[in-house]
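Both complexes below contain chain A, partnered by chain B and then by chain C.
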Partner chain A sequence: MSDPVPSTTDGSGQVASARPPARGRSPRLSDRGLAVAFISPAMLLLLAMSVFPLLWALYLSFTDYSATRGGPANFIGFGNYTAILTSAQVHTRALTTVIYVVGAVGLQTVLGFGIAYLISRRTRGRGVLTTLFLVPMMLSPVVVGLFWRFMLDAQFGVVNSMLGSLGLGQVEWLTRQRTALLSLIVVDTWQWTPFIMLIALAGLTAVPKYLYEAASIDRASEWFKFRTITLPLVWPLLLIAVMFRAIEAFRLFDLVYILTNGGPGVSTETLSFHIYKVAFLGFNTGTASAYGILMVLVVIVLTQLYLRYLNKLKEG
Partner chain B sequence: MAVSVDEAVSTGPARDHTPPARRLGGRGRSVLEVTLLTVLAVVMLFPVLWMIETSIKENRDVYAIPAKLFDFKVTLAHYKDVFVDPDGGRSALSVSFLNSVVVAGVSTVLATVLGVPAAWAYSRFAVKAKKDQLFFILSTRFMPPVVVVIPIFLMYRQVGLIDNKLGLILIYAAFNVPFTIWMMKGFVDEVPAEYEDAAMLDGYTRLQAFRRFTLPLLMPGIAATAVFALIFSWNEFVFATFLTSSDSVRTAPPAIAGLIGGTTTDWGLVAAASVVFALPVLVFAYLVRKHLIAGVTLGAVRR
Partner chain C sequence: MAMLLVATTAAACGDGKDDGEKASAPKAPATIPELTKDPLTLSFIWFDWPPAKALEAFANAEYKKERPNATIKVNTVPNANWHDAMFTQFAARKTDFDIAILDSQHIGEAVTNGNILDLTDFVKENIDVAAYNPYLLAAYGQFPQAETGKRDENASLYGLPLLGDTWTMIYRKDLIGDKPPQTWDQMIAAAEKCQANNPGVSGLAFHQANGSDAAAVTYNTVNGVYGGNLWDSKNRKIDGVINDAAGQEAMDVLVNKMKPLTAKGSGNWFIDEVNAAVAQGKACIAFNWIAASGGLLDPKQSTLGTTREQILDKLGFATLPSQKTNLVPLGGMGMHVSAYSATANQAEALNFMEWFERADVQKKWAAAGGVPSRTDALESPEFLNAGPFNRVYTDSVPRMRDMWNVPEYARLVDIENTNVNAALNGAKKPKDALDDIAKEQQGVLDSSNRKGGGGL
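Up next, the complex of A and B:
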């Protein structure tokens, strides 16, 4: 960005008023020093709390270390990795995760964009509506998970109660294999639809009005306007939101932990949840680390795609 | 500029120019749209209302079958249980709320102190491989918490930070620094660098120029960023549940989650605790609603 060439600059900086010209140190060097001094503390914290742990996990992933057994970690090469990649259990969890990510993010996108579109067409009450719709997103996953667990309870849950009063049958939401995963998708959709809605709404309000006016003069249909003006202009921003949500959904842990605890059976165990079980219930720290590293690789690829796209959008 | 909810309100709709011939169809459509929006709003808000309702219901009504929507007895007993132990004294829950305040507060201060200067430096100076550094910083935030918590757990066990508030504070600060840098960089970019240049021509050093001229202009942005960091730390569950165990250290999310799992669950208490826990978040989120988009996308989206 800007790199001004001031006549007087000094690294120490005590006296405020007029001072004699530069004291031999070049202003550029001083700027660089300042940049290093300002950036390195934050970087050090990240290196200590994010990078170092990951490197440690990388090391452990090549060993048979167990956090409870203690003892020395024996180097076993790629043993953990081949075990994980060939494990049918892991494949099941991967499939569950994919179903969950596609289902939840897909549903959120459709609903979120739909709500944003409806709100953007209103003249009055937009602020209030938007604020109300945003409430679920700000809640902690703990609160959301607990609360839906109560509402979806097969016996005294309000959802079944309502279904009953409509003359419909009772559903064992969280205790049947199929419906448990569906419940997870529904709850996640409830919480994160506002996220997509918020970003879609930003995109929709940014569409220049004259485009619609021009289309109206040409007697274009609403559908035509939507397809040729609204969608192409909002799509880039919407994609950002979708990618963001997909990364977050891929890492999902807390909601599963609270809502279903992975059950019934293993039907709602996502990859994150499975790692937790391997690490903290099975105590196979080495295996869990390898598992985690593989997941991190996927996340890195997804994040790179996301950031590249974001960057392209910002420059374009 | 970040798109704000308020801005979204002020812009008029685009279809005021519908030709008269189609008005009638337009009105029918409009009614349909309003109905649809209302239904969706009710569905989205119902769980929240149900939570509030459950928190003030008498126990008998909480477990009523079919569920009682309107005619129930109001009680504040659950709220009392949140703060006061049955045998007098402070409840474990209220201690956990206090712990949450400390952990979220201190970690936010730490993230702000580390993140704001870094954001300023990234915005103002030609840092080597700046883009790569910024991307690296943001990508640390996307790491799956369950994966990170395994080595962190081992690391903390070595240095005695397990079941220690400082451990949580450090991890939350690390978790919020990337967000703070990205969010603040946007705010710093909006302050013209020329202000600092002018100050430096007047004889101030760059650091003084930053402190005296840029920093005051950044204050609203810093406040908004800190509020988001506060919300993230406050709501965090995974690290809290794996790195703490005793009642005196545990923060509110794992403490509230700990209310279930026994033979019976006191849902009235869970609801009251959830309301007490969520209320400050909603208030804070309302205060920073102008920056919500940038906030929830970790500072990545702002236009």
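Up next, the complex of A and C:
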């Protein structure tokens, strides 16, 4: 007759007595059930806050629905998509957005990497400097926009005041076509250069020191070391930072809203700002949904191409 | 996009009573229903400016005497978000306000969407319509829109006046003399001379920003003064009307004669910036809304004097100069009851409106800094003595002209704002800007049957 209490043998050959189930655990709840119970709140939240709105927006994008006018959402096929892709208004905003993204991200990359490179060569005060450089990134874009708006004011702004004390003339930073877009790029650069700097600094810190030591023994110049050791090793990480920044810059809204409100005229209206107007001035919900979906698609396609390039770079 | 989705999802998940039906405003009862005796908060929504604070203080002081259980709360949002804040809630078919303070031009959108109550029967039973200038009553409540200067007795009313307003000309008596310019040409000449004689002081200050209705109101004012029209309302025609010869002349005057007399970088100025320029003594002549001009007399905010009297020695307030016509812009707002407010709150809102429009209350509102709409209050000493610009308002009432209060208003005003702002800041030639306004606005009016791409 076997022992009614099952026993197990551990690896050492000793017999371990069977333990009762953990106290408080329902005998009906399997491990799988427990896993589902733990995951389901997060999954439900994700479904409610992310997946459902996205699918809902996708559905609305094929209709002429207006949130304020109510009434049925009539199916109009690709009408919204065709109208958006052929609209001169959208093309203008797309060009503005591209100029902004290229200008801002390009400037941030050069400055961010430059600052990171300089900081990485310091041995003292590195932590303090890094922390100080990170401060702008921690501020709300609305706050940043508001104080830059005051600083760039043509009449009483501190920037023009400084230019005046240097004997230079007043500049209409926010009310002229070229300077307004330039101002947006400068403000965004001020705020987000630290992000590139931080990632570049992580990459620079990870470069093995023995490579530099070996290069030094071979009497390699600083430029040679930078070109053949530093840049190739940091480049993939830097490209990831550029990708994150480009995605962020592509959907810029807050700075435009606070600093220029899209002006003068519509010359600093980005795609996101235009969507806001379509969605909330005329409450053309169907069009705005299609516009948003198209922006998401553009980001996904460009990101995929970019990631493929990054993978190739890694393989190479 | 998240905001949009919240609004649309809420609309889709709401009671859906408008689905499949042509939206129309629900009717308010002709008589005020029985009021609750429980504590109740009556909420308004407005934009953040001094009259909003004045209204809350006034209503809590005076209305509470009649209804001790009622508390008035005036919720405010930045001016640029005012339309969005109200209509996003309307879209969700649920509002956290009981009384929406709408610009007159928002009425069409709110009525067509069924967002506010039809007050026609209520007004007939409770309001003495003969006590008002007919156009004022019409401008803040009637839909379809009243013809300038008139009221259609048979049209429905959806609101009642809360705060009247128009532009006043603010001029430096110490720089250009006590007598204000009488014509637009004289005004420009006086500003030009003043600017030349006073280095550091610009000849003019006015609204040029591309947000809210800033630049649009400026152009519309000059357009009216030079005999232009914004549209042919009967035929819904804008192209060929706003950009006719009078319209072109107005744009030319605004961009080529007035703009050069403004401060450098003033292309994004609105109410606060114009007031700041006047208070700091940086403008010879300025134009601003009367309801926003009270702060100019505050010595704490001004460099023109250490007392109100000293400031008034330098600042004069006058009605706008005339040229080919004497039209002035209609400002101000009306009170409208949210269709989604609780029944008890709607009843309280109607009671408040009936109370607010009484002759004695309108005079008290005038004394508290408000701009009333009843003729007896407008001509009362309480109002005329409350501020140096109040006489300007009373004299301007017969001269007022409004914009369009059609459902497409928000898009029409945005088109005009951005294009006038572009012309004022050198981003477009004046003629091109005006032609673009005409073409784009006409496109909005004609696009109601378009399949797809609405709003672009």
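Methods note: the second predicted complex is superposed on the first by the 268 of 316 C-alpha atoms of A that agree within 3 Å, B and C clash if a C-alpha of one lies under 4 Å from a C-alpha of the other, contacts with A are read in each partner's own complex, and residues count from 1 in each chain.
We adopt the following convention: a residue touches a chain if its C-beta (ideal position, glycine included) is under 8 Å from a C-beta of that chain, and two chains touch if they have at least 3 such contacts.
Note that the structure is a prediction, hence the values are computed from the model and not measured.
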| item | value |
| --- | --- |
| Which of chain B and chain C A:V158 touches, first, second, both or neither | first |
| Greater chain A contact set [chain C / chain B] | B |
| First, second, both or neither for A:L239, with chain B first and chain C second | neither |
| First (chain B), second (chain C), both or neither touched by A:Q89 | second |
| Which superposed partner A:T287 touches (first chain B, second chain C, both, neither) | second |
| Partner chain(s) touched by A:L182 [first = chain B, second = chain C, both, neither] | neither |
| Touched partner set for A:A67, first chain B, second chain C, both or neither | both |
| First, second, both or neither for A:A220, with chain B first and chain C second | neither |
| Contacts of A:A57 with chain B and chain C, given as first, second, both or neither | both |
| Touching partner for A:L174 - first (chain B), second (chain C), both, neither | second |
| Chain B and chain C footprints on chain A, overlapping residues | 52-53, 56-57, 60, 67, 155, 275, 279-280, 285, 288-289, 292 |
| Residue ranges of chain A touching chain B (in the complex, touch as defined) | 1-4, 6-13, 16-19, 27, 30-32, 34-35, 38-39, 41-43, 45-46, 48-54, 56-57, 60, 67, 111, 115, 118-123, 126-127, 129-151, 155-158, 161-162, 164-165, 190, 193-195, 198-199, 201-202, 205-207, 209, 212-213, 216, 219, 237, 240-241, 244, 247, 250-251, 253-254, 257-258, 272-273, 275-276, 279-280, 285, 288-289, 292-293, 295-296, 299-300, 302-304, 307, 310-311 |
| Residues of chain A defined as touching chain C within the complex | 52-53, 56-57, 60, 64-72, 76-84, 87, 89-90, 153-155, 160, 170, 172-177, 260-267, 275, 277-289, 292 |
| Chain B to chain A touching residues, read off their complex | 3, 5-9, 11-15, 17-19, 33-34, 36-37, 40-41, 44-45, 47-48, 50-51, 54, 62-67, 114-115, 117-118, 120-127, 131, 133, 135, 137-140, 142-148, 150-155, 157, 170-171, 173-175, 177-178, 181, 189, 193-194, 196-197, 200-208, 212, 231, 234-238, 241-242, 253-254, 256-257, 259-260, 267, 270-271, 274, 277-278, 281-282, 285-286, 289, 292-293, 296-297, 300-301, 303 |
| Residue ranges of chain C touching chain A (in the complex, touch as defined) | 1-5, 7-9, 11-12, 18-23, 80, 83-84, 87-88, 90-91, 109, 112-115, 209-211, 263-268, 277, 282, 407-408, 410-411, 414, 418-419, 421-428, 433, 444, 451-456 |
